[in-house]
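Just so it is clear, A, B, C and D label the chains in written order, and each chain counts residues from 1 on its own.
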Amino acid sequence: MLSKEKIIKIRKSSWFSNLTTGIILFYAIALGFKTIHEIADPYGTLFYSIDMFVTVYFLVEILIKLYSEKNIKDFFKSGWNVFDFIIVIITLLPLENSSFAAIARLMRIFRVLRLLNSRPELKKIIDMLIGAIPAIVDIVILMFIIFYIYAIVGNFFFEELKSGLWKDFLTAMLTLFRVLTFEDWTDVMYEAMELYSWAWLYFVSFVIIAAFVFFNLFVAVIIDEMQKINSEQTDEQLSREEDKIDLLLEKVTQLQEEIQELKKR
Amino acid sequence: MLSKEKIIKIRKSSWFSNLTTGIILFYAIALGFKTIHEIADPYGTLFYSIDMFVTVYFLVEILIKLYSEKNIKDFFKSGWNVFDFIIVIITLLPLENSSFAAIARLMRIFRVLRLLNSRPELKKIIDMLIGAIPAIVDIVILMFIIFYIYAIVGNFFFEELKSGLWKDFLTAMLTLFRVLTFEDWTDVMYEAMELYSWAWLYFVSFVIIAAFVFFNLFVAVIIDEMQKINSEQTDEQLSREEDKIDLLLEKVTQLQEEIQELKKR
Amino acid sequence: MLSKEKIIKIRKSSWFSNLTTGIILFYAIALGFKTIHEIADPYGTLFYSIDMFVTVYFLVEILIKLYSEKNIKDFFKSGWNVFDFIIVIITLLPLENSSFAAIARLMRIFRVLRLLNSRPELKKIIDMLIGAIPAIVDIVILMFIIFYIYAIVGNFFFEELKSGLWKDFLTAMLTLFRVLTFEDWTDVMYEAMELYSWAWLYFVSFVIIAAFVFFNLFVAVIIDEMQKINSEQTDEQLSREEDKIDLLLEKVTQLQEEIQELKKR
Amino acid sequence: MLSKEKIIKIRKSSWFSNLTTGIILFYAIALGFKTIHEIADPYGTLFYSIDMFVTVYFLVEILIKLYSEKNIKDFFKSGWNVFDFIIVIITLLPLENSSFAAIARLMRIFRVLRLLNSRPELKKIIDMLIGAIPAIVDIVILMFIIFYIYAIVGNFFFEELKSGLWKDFLTAMLTLFRVLTFEDWTDVMYEAMELYSWAWLYFVSFVIIAAFVFFNLFVAVIIDEMQKINSEQTDEQLSREEDKIDLLLEKVTQLQEEIQELKKR
């Protein structure tokens, strides 16, 4: 049997993490092919074996990772590790013939999300994306209030329309989201205009207001990112310059004092 | 009865404003549920009670606010207070059975707009949005002139089309707005091309010109925001640096004079 | 009769240019109402009178402008004046009953374009828009080459499709423009995929390539504008600072020389 | 016969490269007209002659270019030359009546791509476009993972839908690309909602996540370009300034030393 040192060596080796990435990629491709029945159906057993192999490999992998920690608790301090652990455990449960079979099969897709863990640049981008959220949270709230008001007004006036696009508050919200993406929004408008000829005012104002707010959201994010960069980059150089000017000032002041002394003599 | 001091204390307490925000939020959710008939219909009395309660609460709230001012006129100096006051008064009017009943019911939605008043960040964003308008007002005028010219030309040529999309000036403007959002614009174009084979020139030129102007509007706003930030941030540091250089220059000039004196001796 | 001095005074007065702007605006609104038959038809004579009045006013206006110039040739040095002159002359020609009647009536719309001349900010924006063209001209050429290649290939493969969207080179270009605006582009694709199952490759690659080039066009314009501003604003302050540092250097060098002299003594 | 010197002179002359550009442009226009049957069909022989002439001209041109190199190997060091050579050779092969005739005819279109070689600005833009790829490659990977997960989930739930938009993994990817362009995405959603009423969650979440990632891709590229410019432009001026301040510091230090000497005397 393998000694603990050997397992730690394996866990830290680059071929181990590369192998895991490779197996995830291979599994992702296999999952893709499995959906094409002409290709997948004659090889049912092959795909079943792949599934079994990947399940076992992930179990072994996580056991190696757990075993090579000094304290098992340390393993669960990283959110990514917890995520990996949950995915592996759930896909181990014998749910194939239970009523949760569909959900269990679906959970396997999330194994592919482990790819995010394998490329540091991707983790960085996800951090960046999460970091961009605070800059837009208030604009999202504002957007929600605009949606809310328009949804209630739309439901109030257009509830009886045959298309049922305004039949309750949630449906009206969905319809407004559709209008925001410009998806056949004139069909929605023309139907409403048959009932109320002023309905174009409702739609055109919504499109302009929502687009204007969205547009400023965009600008706000760009400006926010720019400010960060400006403060990082140029300021560094400027403050180095300022330090030198401060040094100059000090030296010239000393000079003055020395000349004062010279004059006194 | 409560003394004036106690009322002022209530008015300034944070639980009072949090309670108001909470009640607005609760009311917003209730209004949403009210539109889903399966949920709302069995609880008609409940929704009526909520409505009554909120109306009374808002009345009490505005009376507290009015009473705690030194001078009632001060209350109306803030636009938001005037807005609150109008909303509360209108929803008090006994219009339920009059011909204005629909409008009165609709006015209640605007109570939700009072949420904007409860979160300072939202007020700031609205200020920002309003502040962005001057930067684009001239581009909007230009856009309007482009729309105007194209609407008159479109009405001139395509007035008789069966779809009626160009039947008068206002309808033509609405159709052009639709073309600008790319919403089934080729349907509009193909119909026009059956009459005049050159009609694609009208539509493609409109799309390119309008998109180009719109695109520059976007760039103009970004640049405008950037200039503001540049002048705020970097300039501050640069002018601090410049002040120090000025001080240096002064000191060196003094040094020169002193050495001149030394030489004369 | 009015003396030349009086006419020059009128020509330079602000009420004269405001009156012209007002009459153009009034004429623009009248043209708009004229398209709504329910409103316009009972007042046929009124609209005819407005038309006559505006024609006469514009003639008088241009005569005043011409007369108040020292040399009539000077008037035609400005492109806007030439534009105004052509519009006024063409609408004077008695074409009402000729075969050019439609064109003559259409020319009147361009009178509204004279509004651009009345607001300096609008002239500035138009200059800005024209100024933005050189930054994008090469990307437009590249875009055209992409369109060209795809149009020839599309016509080659999809010429026989029933919709006729690829029946010749120009139609294929128009179809590709439609695909670029995402307007029902999947309908075009699904039709092509019935003939060739690989057709999605043609469309998806076009959408990605064209969008990517377009996207970079956008970025190029923003960057270009930013560079201009950076060079204008910050550089001004930086070069003022640099001048002062140069002065400092000079002074310190003089100081050194003077101290050298002092030491020699 | 022409001497080698004369051929080198021709090869380096500007009229030779202008002539080539002219002939490519002329050929591009001819290819365009050839697709319009009403114009092209009566002149079949003319178009055949143009084709022959261009083929011969390109052959002669490439022979001149090859002959004027010192070493023929040098010619193939430039990617553009290799591209030119392949295009010329392939269109020389006598494939007219073989089964490759269609491909051979199609290859001629790529002759037009030689235009990119004739305008330095276009080469620069293509370099810029290629240079923009590294900044977005990780976001593209992330986008692909999002597409992948949604495609598998979509295929899992919506496989049996009559439209066949989710029938296998690749079709589901294409359908998601369509949803990303907002092209009739609600039709896809409404069909799915008939089966599962929660399907709107799948589509709205995809639209928001994909749009948010795409949006940040945009911002990332702009920021990336800006950083490059900032480091190029302002930094140059700042570092020139810094050099001068360094010189100043040195001079003032020397001054101090000299005054120290003076004092010692």
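As a working rule, a contact is a pair of C-beta atoms (placed from the backbone, for glycine too) under 8 Å apart; a residue touches a chain by one contact, two chains touch by 3 or more.
What you are looking at is a predicted structure, and each value in this text was computed from that prediction instead of being measured.
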| item | value |
| --- | --- |
| Residue-number overlap at the chain B/chain C interface, same or different (half cut) | different |
| Chain C and chain D: spacing of chain centres that average the CA atoms, whole Å | 28 |
| Separation of chain B from chain D, taking each centre as the mean of its C-alpha atoms, in whole Å | 40 |
| Residues of chain B engaged with two or more neighbouring chains | 182, 184, 222, 226, 230, 234, 238, 241, 245, 248, 252, 255, 259, 262 |
| Chain contact graph, described as a line, ring, star, complete graph or other shape | ring |
| Of all residues in chain A, those that touch chain B in their complex | 138-139, 141-142, 145, 148-149, 151-153, 155-156, 159, 168-170, 172, 182, 184-186, 200, 204, 207, 212-213, 215-216, 219-220, 222-223, 226-227, 230-231, 234-235, 238-239, 241-242, 245-246, 248-249, 252-253, 255-256, 259-260, 262-263 |
| Contacting residues of chain A [partner chain D, same complex] | 28, 31-37, 102, 105-106, 109-110, 112-113, 115-116, 119, 121-122, 124-126, 128-129, 132, 174, 177-178, 181-184, 218, 221-222, 225-226, 229, 233-234, 237-238, 240-241, 244-245, 247-248, 251-252, 254-255, 258-259, 261-262 |
